[in-house]
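Some structures are shown below for you to check.
There are two complexes below, and they share chain A, which is joined by chain B in the first and by chain C in the second.
This part shows the complex of A and B:
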C-alpha cells in the first residue's frame, strides 16, 4: 500500500524538485518575482560536437584569465539587451516594476562579476585581500568593475550632500543604453537599472548591503548621462563609524 | 550640391521616416508623401524585374532636370531614399551612413516596433548631425 502510494506520487522525484526549487528561491534575489527560471545547463555534448569543426576551444575549456581576446561584440550585446528590455516590458505593469526587474537581472550578473573579478585579481596571490571599508570598495567598483563589464572606468563618484548614506557613480555615456531612446511618456525610465543591479550585487557580495537605483541626469554635453544612486543600509553606516578610529 | 530630403520606406512600402532638409522641396502633406513613397515602392519592384541578366537590385538612381533620387535597398527590404541636386557625389556614402545610423539608433532601440514609423530622438539628432 505504502509502496503503491509512493509509486503514484513519485516521492523521490517530487522531493528533489521541491527541495531544489526551495533552495533556489532562497538564494535568488528574485524570490518575489517567481517568473524567472534558472537557465538549464547547456549540453556539453552539443558544444563538443560544434567544437570539432572549428579550431577555437570550447568555451568551457578556455582560460578564464585571458581577457584580451574574449571581448564581446557591442552590437550583439546591444541587440540582446534590447530584447531583454522588450521581454521584460511585456511582463510588467509600470515603469517602477520594469526597473525592478532589470535590477534583478543585473543582480544575477553582478554576483558572477564579483566572483570572477576577485578570482582574477586575488586568485594567484599568496595573501589575498578583500575591501572592508566602503570608500575603497566604491573606488574599485568605479574602476575595476566598470572596466571589466563596460571596458572603461566610470566618470565620477559623488557623495550626497543631503544624506550621508548616499553615494553616486556617474557615467556620462553608459555603453548598454547608448542606442536606447526612451519615449517621452516613459521619460523617467532608466535602463541603467541593469547596471544598478550589478552594483547592488557587487556591494552585497562585499558585505555592504545597499539599495541601488539608476536615474537619468542629462546635461547639455552628455544627453545620456546616468547616475547610479547607492543608498547604504544603516548597518553599514554603523560599522563604518565603528571602524573609523 | 545639396541634399533636399531623406525617406525611409519599410519593406511593405510604407513611409516610416520622412524629412526635408533646407527649403529646396515644395511642402507636401504627409498623406501625399505616403502616396509618393508607396508609388516609388511599386516602381522599384517593377525595375527589379526588368534586368536582362537575371536578378537585379532595381532602380538605383532616378534623375530629373533639377534633382536626383538615390535609392539604397538593404538586404531586409528597407529602402533609404535621398533627394539631392543632380550633382551630388556623396549621395551613396551618405546613404550608407544613414543605414548605419538606422541600424544603431532604430534597430537596437527596444522601444521601436519594426516596420512602424520611426520616433527616436537619437535617430533624429544623429541624422541632423549627418546632413541637417
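This part shows the complex of A and C:
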C-alpha cells in the first residue's frame, strides 16, 4: 500500500515541486511555499530519494500487525469524510443515489476490514475458524468490527418484531457523522450509509448476503442516534433454519 | 510430486495459480516415475487422460502447447483445472457446515487429493496434491493467506483483479518450497 501511495503521489507532487523550483527565481521561497501550501513536500521528496537508492518498499514486507493498535486522527478523518461526501454529492441525482454511493465506498472498506480483522485474530491460531451462524456473526460485527473501525462497540442490537429477517445495529453517536449536520431539506440522508456498506461487506464476505441501510433515529438523549438496518436474503433464513437442527 | 494451487475469488474467478514441483520423497506413490519425471505423459496421470481422452484431444487441437511454459506438460493442464473446479461443489457444501478455514482433503480424484482454505472474505485457496501432508499444507495456506491479505489491502485491488505481483509469486513459491 505504501508503494502504491508513493507512486500515485509522485507525478503530481513532482510537477508541483518543479513548478515551485522555477518560481523561486522570481519569487521569494517563502512566497512560493505559501502559494503552493505544501508543507509536506520536502518530506515526500526525501522519501522518494530514499526509495530510489535503496530497494523499493513493497506491501509484502510490511507487518500486518504494525498498525493494530494505532489510531487515526478523528479530525483528519472527519475532514477526509466530509470531502468524500461532498465529492459524492456533486455526482449524484438524489439522496437515495448518494446513500447508495456511500454504501459502495463503505463496501470496499468492509471487505478489507473483515479479512484483516480476522487475520489478526486467527492468523496465529492452530485451527482458524470462520463464522457460519448468523447471530454470532452479528455479535462479532457489533463488537469486533465496530471496535476495529470506530474504537468502541456499537450500542445495541435489535431484532425486528414485524419481520423475522430484519436486524438492527444501533449506534448512539456514530463517530463518522459526529461532525456532520445534515441540511433540513435533506433530512432523509444518513451519512452512516458508509458504515452500512461496511456491515454489508462483512456479512457478504461471511456468506450472509443482505441489504443494509442506515437510518436516523434520533431521541432526546442522543440526537445523532443511527440505526443500521439489516435485511437478510431469503437464502440466509433458509440456511439458518437448516442449521438449527 | 507436484502441487497445484488456485486462488479463486468469491465469484469463482481464478486470480492466481501456481504449480510447484516438490523435491521431497513421495510417501505413497502410485507410480514412482511421477516423482522424477516432469513430463506428464508418462506419469500415473496418463490413466486419467485416457479416461478423459475425448476432452483432451478436442482441447489439444485448439491449444497444442497451452500453458507449457509454466507446467511440465501443457496438455494435462485443463484436466487439473477441471479437478480443481469440480471440487468447488464439495468445498461449498462443506464450508456451510464446517467452521474451520482449513478444509483438509475435501475431495479426491484418482491420485489427486484436494485440500482447500476458505478465508473469512470467502476467497478460496484450492490445492491439488498427491501425498498427505496436513501440517505442511496448513502452514502453506496460512502463509498464502497472509500474502493475500496484504494484496487485498491495496486500494487498487478488487475482488476480481488477477494477482500479477512478482513479489507475491516469489513469496508463494518460497513458502511452497518450505512446506510442500
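The working rule: the second predicted complex is superposed on the first by the 179 of 245 C-alpha atoms of A that agree within 3 Å, B and C clash if a C-alpha of one lies under 4 Å from a C-alpha of the other, contacts with A are read in each partner's own complex, and residues count from 1 in each chain.
FYI, a residue touches a chain if its C-beta (ideal position, glycine included) is under 8 Å from a C-beta of that chain, and two chains touch if they have at least 3 such contacts.
Computed from a predicted structure; not experimentally measured.
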Touching partner for A:183 - first (chain B), second (chain C), both, neither: first
Contacts of A:218 with chain B and chain C, given as first, second, both or neither: neither
Which of chain B and chain C A:209 touches, first, second, both or neither: neither
Partner chain(s) touched by A:94 [first = chain B, second = chain C, both, neither]: neither
First (chain B), second (chain C), both or neither touched by A:57: neither
Superposed model, chain A: greater residue contact from chain B or chain C: C
Which superposed partner A:79 touches (first chain B, second chain C, both, neither): first
Touching both chain C and chain B, counted on chain A across the two superposed complexes: none
Partner chain C, residues of chain A touching it in the complex: 1, 4, 58-60, 62, 64, 108, 111-112, 114-116, 118-119, 122-123, 127-132, 204-207, 239, 243
Chain B-facing residues of chain A, complex: 75, 78-79, 81-86, 89, 179-183, 186, 191, 223
Chain B to chain A touching residues, read off their complex: 104-105, 107-111, 119-123, 125
Residue ranges of chain C in contact with chain A within the complex: 10, 95-102, 118-122, 142, 145-156, 159, 165, 167-168, 171
